[in-house]
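Just below sit the structures, each encoded as structure tokens.
What follows is a pair of complexes built around chain A, which joins chain B in one and chain C in the other.
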Partner chain A sequence: MMVKIQIDGTYYDVKPGKNLLETCLALGIDVPHFCYHGAMGSVGACRLCAVKKFRDPCDQKGRIIMSCMEPVNEGLIVSVNDPDAKMFRAAILESLMINHPHDCPVCDEGGECHLQDMLVMTGHNYRRFDFKKRTHFNQYLGPFISHEMNRCIQCYRCVRFYDDYTGGKDLAVFGSHDHLYFGRGEDGILESEFSGNLVEVCPTGVFTDKTLKEHYTRKWDLSNTPSVCVHCSIGCNTIAGERYGKLRRIMSRYNGAVNGYFLCDRGRFGYQFVNVENRIGEAQIRTSKNSNPVEATPDMIASACAEALSGSKKIAGIGSPRASLEANFALQKLVGKENFFAGVSRTEHTLAKTAIDILQHEAIHSPSLKEIEKADAILILGEDLTNTAPMAALAVRQAARNKGIEVAGNSGIPPWNDYAVRLKAQDVKSPIIMANPFSAKLDEIAEKTYRAAYSDIARVGFAVAALINDGAPGVKGLSKEQLSMAQHIANALKEAKNPMVITGTHGGSEDMVHAAANIAMALFLHGKEGALSIVFPECNSMGLGMMDGKPFEDLAGLPADSTCDTLVILENDLYRRADQSLIDDLLERCKNVIVLDHLITGTTLKSDILLPVGTFAESEGTLVNNEGRAQRFYRVFPAEGTVIESWRQLKELMIFSGNHESASWENFDHVAQAMSDSIPAFAKIKGHMPGADFRILNEKIKRQTMRFSGRTAMNAQFSVSEPKSPVDPDSPLAFSMEGANETPPSSLVTNYWTPGWNSNNAMNFYLDEPNGSMKGGDPGFRLLETAATKHILFFAPVTGAFTPEAGEWEIVPAYQIFGSEELSSQGPAVAERIPEPFIIMNRRDAEEAGVKEHEMIDLTLTRSSLQVKLKIDDNIPAGVAGLSTGLPGMPFLKLPESGRVKNSKK
Partner chain B sequence: MFSILRSLWYTFLHAFHKRETILYPEEKPYLPPRYRGRIILSRDPDGEERCVACYLCAAACPVDCISLQATEDKDGRRYPETFRINFSRCIFCGLCEEACPTYAIQLIPDFELSEYNRQNMVYEKEHLLISGTGKYPEYNFYRNAGVDMGVKGKGEGGNEHPPVDIKSIMP
Partner chain C sequence: MEHNNIINHPQFVKEGKQVSFKPETLKKVQDLMKRYPEGRQKSALLPVLHIAQEELGGYLSVDVMDYVASLLGLQPIEVYEVATFYSMFYLDKMGKYVIEVCQTGPCALSGGEQILAHLQEMLEIMPGETTSDGIFTLKTVECLGSCGTAPVLQVNTDFHEKLTPGKVDKLLEDLREYAKHDKSDDSTWVEKFC
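Our next item is the complex of A and B:
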């Protein structure tokens, strides 16, 4: 149903239930605004979006209203360009500008500043105010965000985002009248995992990107490329900006089905690993196992590789969940299907396979983040989302509000009327149930929390499924608390319209994933959707799981003589995935170890031939996120020196090995095509992504803006004659400021800009409506095909109840947003946020073991021991301890397993 | 007939006028201060670099012959790490000078930029930066900006109130 409204004499058919401002933006009409944000709704605070409303067609005088607070109804007559409204807006801006400093030249926001745009749009070009301005002291806010309070225009967007949207606690507004101060109670690191979004949310330069400051570049000078975040399995869309051959920053790229407007801090600031000293720049060769590697010329590499590959009886390959599908496919082609190993541990491999099978089941729907936001009851089984998939945690926070929005809706308050909705909803929340061994940040929005070991969480999960559907196998011997918890969860899920289950593979428990699947299937039989979201460990874990591969322990377990002569390892540090002795032994046994990687790792140090390959910024490829959505990232800039893309390097290796099948892979499309042809799971990839020959009116899509500067000077120190701009044979994007002027397809948007809107708020004009989908559909497409069977087979519980043993603890992994992910922890900004290794225990358990809080304790596991700091969490059940996992310097630990603790001093 | 003779007469009179042609290069022509010749980077009255590396000159340049990279000193004062002008491309339009918010980049009355080797037309920051203030002796941007970058404290600049005590509830 549509309603007819009149704006400046033109009639439009628009959706009812929206506010006038978002309606205008969806129609492409420029209405200045500050405090309104697509994801956060309106509060009517800044008064800038004033327009004139007329009572009826005879009303000549009209009255000024705030368009963000005006619901769209049939027969609404408004004027945006009315002289009174224009004057009003200019006056508002002039008063906001009274205290704004003379900072634009040294302000990082300059050139993409919402305030600058609004000044030009309202016509307040010259300052008349000639008196003193108020000033503020700034705060230190951590390694990610710079603070410059003088520039504040009091729109409240930052606190609305930080506190209301992400649930942050440590950013607030202080003072009164024109002394308002937005900051922390005292100097310190912003605690929220989403603080980086303040850079984009703030309409001026109060909060700016501190990592960009180190190599500052204006927005117009960046060469931007659509990319996909590689730091977790959610696959948020990003825009990566380059200048002078270095990656300068990551901004969020809108994808209505995935990340919407926002990114987490790991995704935004984790990019620094691309620029670190630790990068492998040149190929290296080691002539014997004990000699030092030396830099090698291309000829030396060619002959060494040819010798290693053609002279081998057996070549094995180990793929990687952090490499693209195409790179893994090229490796599989090089070594053959039977010799291709997935590059993940057996546990992870089995879990990934199980999870993918489950998600492909008829009864199960794998929801996008947008769908998670729409859920009205969520059960989170054993996954600390804030640390393993932060953007999913943000989506859950929005889902928690749905009940409150409904309550407000019953009183006639539309969902966009943010403040009124929150006032009416008060503490009403949708039921979010957190079942996790230790406390998690999401607990604060949870209706109920359940603390237990993974096996008990799984058992309660099975019981929930059995309570929802009789056909699901029940669990015997549950305690009274567990039964009432299961009953409560079952009721909450059954009563909801859109119930959802979220679990993950980080806990390493297959039972838990099975339990989650049982609940989703039981809900399906109960007439619901059967929505189940499973979080995977790495950016392409799902894609790798969809390929035929075996865990690499299968290779290591083979007898020495039949292992392989030559081992090719693709972008993978095996020491993060298995015990050191196992890997040492495996690498020792292989005559030639060829490693392709971009960062120096334990594995690359053991290589006989080390080939430098590009990071996500220097290569292109497809990643499959945890939803099953295939998304392509593109080369941000041509790599320096001998660095080339993994798939190209593997193509060369195939030719060296005498396999000329790859000779026809001239560009990325050819390898993607070969992959879709040979792997049925990826058949849809072919034809779904714009190919390298895609053109708009015969032109490629430009990476650079039309204001891109310094073209004739940036390389002039080498030669005064300008070089030809690099050619990108693999994508429809050009390393140039020349290209199609039309808006490209949604997956190829390089820059958000529309006349009058230089800031990221131009994003709204690329959407069908603010907070909606990209015009032409959201980027990426789902690979998961639901199987044709209607047959529902419930899983049966395997493990028994958890029983603590005296003196022993079950050590469960506590992943950390900063530190547990391999690549992002290499960057200096993220490294500053990495905690020192710690263990979380119950206070009583700690007393029993004779250890004290904040002290270093010795942790002894079956195969290793380490020193960690003790943190007390009274919620963690007796006999269970959480251990920070995957931090730099920590050895590989196969968790969960049992371990003992004792005080280091004794 | 008369007009022809009159023209001849006027032409003849020019033989006694002051010469416009000068014997360049022995004799240098007078060029007004606002003549648009070679580009320099000036310093503020305190002797510090005026350029704040805002990239506006590079953006304004119609032939894209200015390229720079911003960096910051320990106080956070922003300045160009590198600043390069390719004079073989420069058209001396002066748009960079107009765009400059700090009077750092200035065009001076020097047009003698001939080189035998085109590569020598590429000027780096060390070739561009002069020791004086150029045409604008007074202005110091950092004294007027809201940022505190080691030049002045917060609230000590021109037209600034002292920093707010946010705990005060006085109006």
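Our next item is the complex of A and C:
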């Protein structure tokens, strides 16, 4: 069903139910606007999107309306270019400019400023107002965001995003008319995990990227490359910008199926690890097991590698969930399938395998984030999404609004009319049920929360499945409270049109994943989609799980003489994955330990040969996100010195080892193709991604903008002649400002720009409609094939009910968005946000143990002990304690396990 | 020129002073909160702020706003938002009597501007300022809604109408006298709301 409308004399067939502004943007018509945002809808606040509407074809006069508030109906006649409408828009801009400083040359937003774009578009260019401008003081907002309130044009996008969209509590608007102030109640760190998006949401330079300021570069001077975030399993799309060989910033790259317009702060600001001092720049060798590796010449490295690899009876390899598929594949080729170990612990390996099997089940659908946003009932089973997969948490927040949007819809309010929907909806929310051992940020939007130990959460999960479908195994001995909780959840999911279950492997509980699968299958039998989303710990956990690998404990467990002579470890700090003694012993036993990595870690310090490899910014590769979507990242800049991509380094090692199969891998496509051919799960990768030979009219896609400056002069201190641009043999992208002028395929977009739109609001013109899909389909494609029809086999619960023991606590992991992830923690900005190690207990338990809030306490676990700060959470059940996990300096802990606490002083 | 910096006003700092309503006011405030359904106590914010401003020092310091937030179960930032929005909530220390002179059309035509000039002369302050003895603050406001009796001004909650310079002199004299005896206006926000 389409409706016919007339814009400036031209007829268009358009989708009904949208507003005029988004319809115009989808049609590629420039309508100036500020406060409207594709993901946040319209509020009609800025008055800039004024157009003229005519009553009927005879109406000559017309009247000014706001296009963002005008529903598109059959027969609508409007004019964007009407002189009155143009004059109105210019007048709005003039009034906004009364207080806006003329500081563009020193403003970080300059060159990608929505306000600049709108000024040019509306034509206001002469200041008539001859009085002083109002000024404000700025606030300290933490290590991520800079504040410059004088530039504010009062569009309210920041608070609408921060408070309404992400549920933030600490950004507000103060004052009124010409002295509005957007900021915090007092100086301090912005608490939201999504604060970085203010940089993109703000149409001027009020909120800017503080990490970029340290090595500032204009948008047009950046060399931009499409990339994929490596800091969690969601796989948000990013654009990485570089100049002078340093990664300068990360911006979001639109993907309608994954992250949409936004990114979390870990994804946006975690990039700093690429530039840190801690990077391994040169290959190193150590002469004895007791010394640290030292830099060596390429010849020495070559002969050492050749000796280690060709002289070995057995070579084993340990892969990594933070390395690309291709790098892991190259390692598998080097050492052989039987000697390839996945680089994750047995628990994680089993969980990943289980999860992947489940997601391939016919009855189960693995939803994208966009699909999660559309759910109308969600059960979150044992996962604190805000910390483990922040963008999934943001999607759940949007899903919570769906019932309210429906309520408003029943009163005739369209979903894009944001303020009206919120007023009508009030507190009406879709049922979101949070089952987690400790309090989590998503609790505030949850209809119900269930606090229990993992085993009890899983048991309730099994009971929910049994209540939805009789075929699912029930659970005996549930308490009355647990039964009523299970009944409530089952009813909520059954009543919903689009119910969804989200769980994850962070808790280390197979039962939990099984319970979630049972619920999804039961819902499938109940006539629903059976949507189940499983969150994994790392960016390529899913991809690694789809390869044939074994947990590395299998290698460590072999008798000393049959372990291996040479062990190759790919981008993996084993000390984060197992007890120190186990790894020490394993590394000790191998005659040669070859480590490929980019940051100095405990494992690299124990390497006999250390080979520097590129980070995501200096190599290319494919990652599989938690949905099963394969996405490719590309090299942002050529690496310095002896740093090369992991897969290339491994190719060299293969040649050293006498295996010449890799000799034909001249570029990345060859290794990707070889992988597609030899691993059936990845067969689809071949042919789905534009290869290195992809061209548009015989031209590569340019990384640099056409206004890239200093090309002939930027290295003049070394040589006055302009150097040749580096060649990128591995991708269809060029390190150049020369290349195809046409819009590239969605997965290769390097920069959002369209005439008149230098700000990233140009993004909308790359979409089929605002907040829709990229033109030509969203980047990436799903690898998960649902297996051939098989009848539904429910899982049976294994563990019994949790029973607290006196003096003992079940220590469960409390992942932290800042700190628990290895790479982002190395950057100074994220490091500032990492909390002190802490433990969460309930008040009564703490009193029993004789420990007090905020005090340091001794935590004793089976194999280790540590000092942590006590936090009180009255909701955490008796006998359970949450421990911040994976923070820098903390030892590896296999959680959950039981532990004892006591006051440090005693 | 009035000071327009609101949230980052030099005085906008937490002093950490303990403030609280008198028990009888607190009782009234609690009655006021009960007029709204459970969970909607935020609705009582405006009247409670008026009462707080009147009873707790004549202006809304950060400590007063934090206290109101704690009474209504709100985040302090929610109170700041509301308090900074309205011009009748004062964020600065004010004089005992806030004289608000109407500057809108009808009053201006009937001599409002002369009244303001006269007040400036008599009090030796500019609009937005407070006399050194702390008795008077002079403000300009938009329409007070009594155009028929223009020119008008408002002292705290009381109207003074059909003004002439002579009437203003008398008014100032009376107010100075009241101030000596620590008498305030008869009508108060507490009475208006409770």
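Keep this in mind: the second predicted complex is superposed on the first by the 903 of 906 C-alpha atoms of A that agree within 3 Å, B and C clash if a C-alpha of one lies under 4 Å from a C-alpha of the other, contacts with A are read in each partner's own complex, and residues count from 1 in each chain.
Rule of thumb we're sticking to: a residue touches a chain if its C-beta (ideal position, glycine included) is under 8 Å from a C-beta of that chain, and two chains touch if they have at least 3 such contacts.
Predicted, not measured: the structure shown is a model, and the values here were computed from it.
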Task = Could you say whether A:186 touches chain B, chain C, both of them, or neither, answering first, second, both or neither?
result = second
Request  = Considering only the touch criterion stated at the top, classify A:139 as touching first (chain B), second (chain C), both, or neither.
outcome  = second
Query = Which partner does A:102 reach: the first (chain B), the second (chain C), both, or neither?
reply = first
Message = Taking the superposition on A as described, I'd like to know which of chain B and chain C A:151 touches: first, second, both or neither.
response = first
Note = Of the two partners chain B and chain C, more of chain A gets touched by chain B
Task = Identify the partner contact of A:719: answer first if only chain B is touched, second if only chain C is, both if each is, neither if none is.
result = first
Message = A:711 in the overlay: touching chain B, chain C, both, or neither? Say first, second, both or neither.
response = first
Query = Where does A:175 make contact in the superposed view: on chain B (first), on chain C (second), on both, or on neither?
reply = both
Touched partner set for A:220, first chain B, second chain C, both or neither = first
Task = Find the residues of chain A that appear in the contact set with chain B and again in the contact set with chain C.
result = 134-137, 174-176, 179, 181
Message = Touching residues of chain A toward chain B in the complex: what are they?
response = 100-106, 110-111, 130-138, 148, 150-151, 174-177, 179, 181, 213, 215-218, 220-221, 244, 707-714, 716-717, 719-720
Ask   = Taking the complex as given, what residues does chain A use to touch chain C?
value = 134-137, 139, 169-170, 172-176, 178-179, 181, 183-186
Request  = Report the residues of chain C in contact with chain A in the complex, numbered from low to high.
outcome  = 4-8, 14, 75-78, 80-81, 84-87
Ask   = Once bound in the complex, which stretches of chain B touch chain A?
value = 52-56, 58-59, 61, 63-72, 78, 84-86, 88-89, 101-102, 118-119, 121-122, 124, 141, 144-149, 154-155, 159-169, 171
